[in-house]
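In structure tokens below, several structures.
Here come two complexes built around chain A, the first alongside chain B, the second alongside chain C.
The block that comes next holds the complex of A and B.
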């Protein structure tokens, strides 16, 4: 089912949503920097930036999250868990790649014997209104990892920016439930054609040549390759690639406060940090950049696929865009494949 | 339906606490759940571990040293090393503590049935081995395994754990216990020698036998070839691994070796499994 939403009605449409839901959408913080935040006024919603620096995972798995409070009362400590959220949520304006990434994290947090209740609560109370990616960047390679700039999967409602209006597609039952909304109109034949044209143009812009297919098997044979000795060399260990990665889900847990009262907090953590795996004895199973970079790449393209049958990379390109030393994960992927340029062979043997 | 929050510590209290070793670095805590229903719901097998919490300090993982056959007794032996373990060394009897668990897979007790058991331990890694041995020495379980042979080594006599228990095991007919130290003192009448050498000298048969080995990496490194020489196949050598852990339930990353997580897929693995894993050590 498809509708059309005129942009002149967009803020009123959002106002309507906010009566029933907490709305999360990109907000511009400063020039070139935006972030998913809870919206207080519809005009805060800012969809003009291709993507936010921090991905939409933050709505479900915040950078820093209080898990529970504890307080000693009458000689006994009470814990109060903060997993529950009061209102249902709408996540608006997330791009197909980061929505796909949410499903990748979901597999870790919402499966197995123990369920991550903090993630689960937010996930099941959130309706996702995805926004098609009309202008992919040169660093985008979602089509190489099984995605697409117009991937509908994961969205409940899918928006395509047509310039003066949005074309909206109801994907799931939750998305279709908005059909009675008074701002939604019948789209014209021309609108549908325009949307299709934008879609095929966007698709062509994305680099689909990154040889991700078959990488799990290739990496099986590369654990002790000399490739790892070289690949980490320019990494300065700033960890920005892992924090901004929409599929990275590692966290640390710390207590803030004293013995009387305080809170247990979890914070994003990174396998590229030497402290991440450092044991109290002083032993570190991943003592150098070699092992840590290997862990990052192997987890995404070998370990995760072994468990869940898909790579844990959606090709959003954030790690390429924001790396201070221009580490390019596409090159690392390419190196693992027979398509690698000859010069790599020479370098590895040197 | 409300899903159980796996991150919330269950309230417990320190019932008893005592120093085990002459260097005062190892202390055993005996814990008791505050609520009877929590005690009833806590079922574990030897080899599993728990996350112990001291509010304001944080959490750390420890193998369970007691056995499920000990009528609800729940003990942990703590090596003083970091922030949480130091706090656990200073916590007084009667103080509160938080427990999450039991976590991890534990020893494959079903597979041990009908076999001889060769248990090799070194240093303070003896905790979950004590749990395992105690489980099979219980009258209700003793017939599940055939011979039980234990080699336990420490650097010095004063660093041996659970001394009274070791003495009582020495007197029993249904367990062959060999205790050894790297170097003795004037009162030491027992064996002096490194665990791998003692194993070689003892040369137990590998026939229908499972070896469970737990100890410092150096001990394991030199003991494994001796087991191989005794013709133990990789599938019948079990060990329990340690890694830095936080969540204990396979969510936070961190403790993986290849695609396996030590916290949820382990900590107990056999050598056939470990051989197939990429080396991160």
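The block that comes next holds the complex of A and C.
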């Protein structure tokens, strides 16, 4: 089912959604920087930046989240768990790559024996209105990792920006439930053709040559490779690539407060930080950048695929664009492959 | 040409085994960027480049290689960091071979990106011009319109105390005496300053890139990472974000070379150098001290003199 939403009606459309849902969408923080936030006024929605720095995972898995409060009363410690969210949510304006990433995190947090109630609650109560990626960047390689700039999977409703209007596609039952919305109109033949043209153009722009295929097997043989001795050298150990990664989902839990009352909080954590694997004894099984960089690559392209059958990278390119020392994960992937440059030992970087 | 000279020197250093490795800059995959390179063979030195995109302060890597003899390509600010680190006894000066490059001021890639519509796919510079190419455009910009703010106020562009200098020293004068941002900050009321500071750091995601790219941030355990005692919570509360940034800036007082690496690294584009530049100015005014100029003078906040200012004690 496809409809058309005129941009002049867009804010009124959003206003309508906000009556029934909490709306989460990109908001501009300053020139060139935006973030997914709860929308208070429709005009806050900012879709002009290709992607936000922190990805859409934050709507389901906030950087810092209070899990429960505790308080000692009499001889008893009472806890109040905070997983429940009051209103249903709509996530608007997430890109296909970061929506695919949410499904990658779901496999960890929502399958098997341990269910993460905090993630589950938000995921269950969220309708995703994805936005097609009309203008992928040269750093995008989603088609190399099994995605596409117009991947509908994961979206309930899928928006394509046609300039003066959006073409909307109902993908799931949740998405189709909006068909009665008064702002949605019948799209013309021309609208559909335009959308198709934009889609094929966008698809062609994305680099599909990054050799991700077979990387799990290749990395099986590389645990002690000399490759790691060099590839990490320029990494300064900040957390940008992991915090900005749509699939990275490691967290650390801390108790804030005292014996009488306090709260348990979970915060994003990063395998690039020395603290991540530091044990109480003082021993650190990943003592240098070599082991930490290896962990980052291995988790995405070897450990995760072993368990879930797909790589934990969606090719969004955030880690390439925002790395302060210009580490390029595409090169790291390339160098595990037979296509690698012959003299790679000479070049210390990735 | 500077780039050729750097390669020659690097080759010679590696061939004669005067150093174990040379740290310099190389081309990589993105336009308007370079990447730190670690060269160990004379042939590898052919990958070294020099241009207005050599924005990293390579002194940060010297901690990692403090067991080695290292040749390192330095700009004025980088060399000052190295002097400061040597004074803090992080390594011995004779472990290092400093390949100094009189700096032409580095170009702010974000400013350049914002000056054009569409993605820049290729960029190169020639003289005072930067040539840019995208899918649907070709354009030329004037280099001097796009310097990093830290580079605009830089006085010591010619690196000091180097082992070799690539090219002639450059003029020792800043483009602007005071960073416009520092000036604007000074002119604000205390409340206005607080608001500005608060607004900037509210974007912080605690990736600590500003800390990790800074050569002066080398504490074995940063105060934010200490769990016993715990000085700061790990979450995103504004008070914790502010606390981190205040202490980070304070720890730089009298130690910061003003290279601006912290601000360039920040993915959230938080302004940081107005704080450090302001502190640098205060140190200069109060103690007549500039970081990394004098090989002997200890940073004023790590030493004392009987005639130190005491008028702040009431």
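As a working rule, the second predicted complex is superposed on the first by the 344 of 350 C-alpha atoms of A that agree within 3 Å, B and C clash if a C-alpha of one lies under 4 Å from a C-alpha of the other, contacts with A are read in each partner's own complex, and residues count from 1 in each chain.
Here is the rule we use: contacts are C-beta pairs under 8 Å (C-beta built on N, C-alpha and C of every residue); 3 or more make two chains touch, one makes a residue touch a chain.
Predicted, not measured: the structure shown is a model, and the values here were computed from it.
Chemist: After lining up the shared chain so the two structures overlap, which partner does A:191 touch, if you call chain B first and chain C second: first, second, both or neither?
Modeler: Once the two structures are laid over each other on A, A:191 reaches no partner at all.
Chemist: If we overlay the two complexes on their shared chain A, which of chain B and chain C does A:254 touch? Say first, second, both or neither.
Modeler: both
Chemist: Thinking of the overlay built on chain A, is A:32 touched by chain B (first), by chain C (second), by both, or by neither?
Modeler: second
Chemist: Using the superposition on chain A described above, determine whether A:239 touches chain B (first), chain C (second), both, or neither.
Modeler: It touches chain C, and chain B stays clear.
Chemist: Let me test your reading of the model: by the given contact rule, A:77 touches which partner, first (chain B), second (chain C), both or neither?
Modeler: A:77: touches chain B, not chain C.
Chemist: Taking the superposition on A as described, I'd like to know which of chain B and chain C A:63 touches: first, second, both or neither.
Modeler: In the superposition, A:63 touches chain C alone.
Chemist: If we overlay the two complexes on their shared chain A, which of chain B and chain C does A:169 touch? Say first, second, both or neither.
Modeler: Neither: A:169 stays clear of chain B and chain C.
Chemist: Can you list the residues of chain A that touch chain B in one structure and chain C in the other?
Modeler: In the superposed arrangement, which is not itself an observed complex, chain A uses residues 252, 254 for both chain B and chain C.
Chemist: Over in the complex, which chain B residues touch chain A? Could you list them?
Modeler: Chain B reaches chain A through residues 3-9, 11, 34, 54-59, 81-82, 85, 96, 98, 217, 242-244, 246-247, 249-259, 264, 278-281.
Chemist: Applying the document's contact rule, which stretches of chain A touch chain B when the two form their complex?
Modeler: Residues 67-68, 70, 72, 76-77, 79, 81, 83, 108-109, 112-118, 120, 223-224, 249-255, 257-260, 262, 264, 266, 269, 271, 276-281, 283, 285-286, 291, 295, 298-299, 302-304, 306-307 of chain A touch chain B in their complex.
Chemist: Provide the residue numbers of chain A that touch chain C in the complex, in ascending order.
Modeler: Residue positions touching the partner: 29-33, 35, 53-54, 63-64, 135, 137-139, 230, 233-234, 236-240, 243-244, 252, 254, 256, 265, 267, 270, 273, 275, 289, 320-322, 324-328, 330-331, 346-349.
Chemist: Using the touch definition up top, name the residues of chain C that touch chain A in the complex.
Modeler: Residues of chain C touching chain A: 26, 28-30, 33-41, 43-44, 47, 56, 60-61, 64, 110, 114, 119, 121, 203, 205-209, 211-213, 225, 233-237, 261, 264-265, 267-269.
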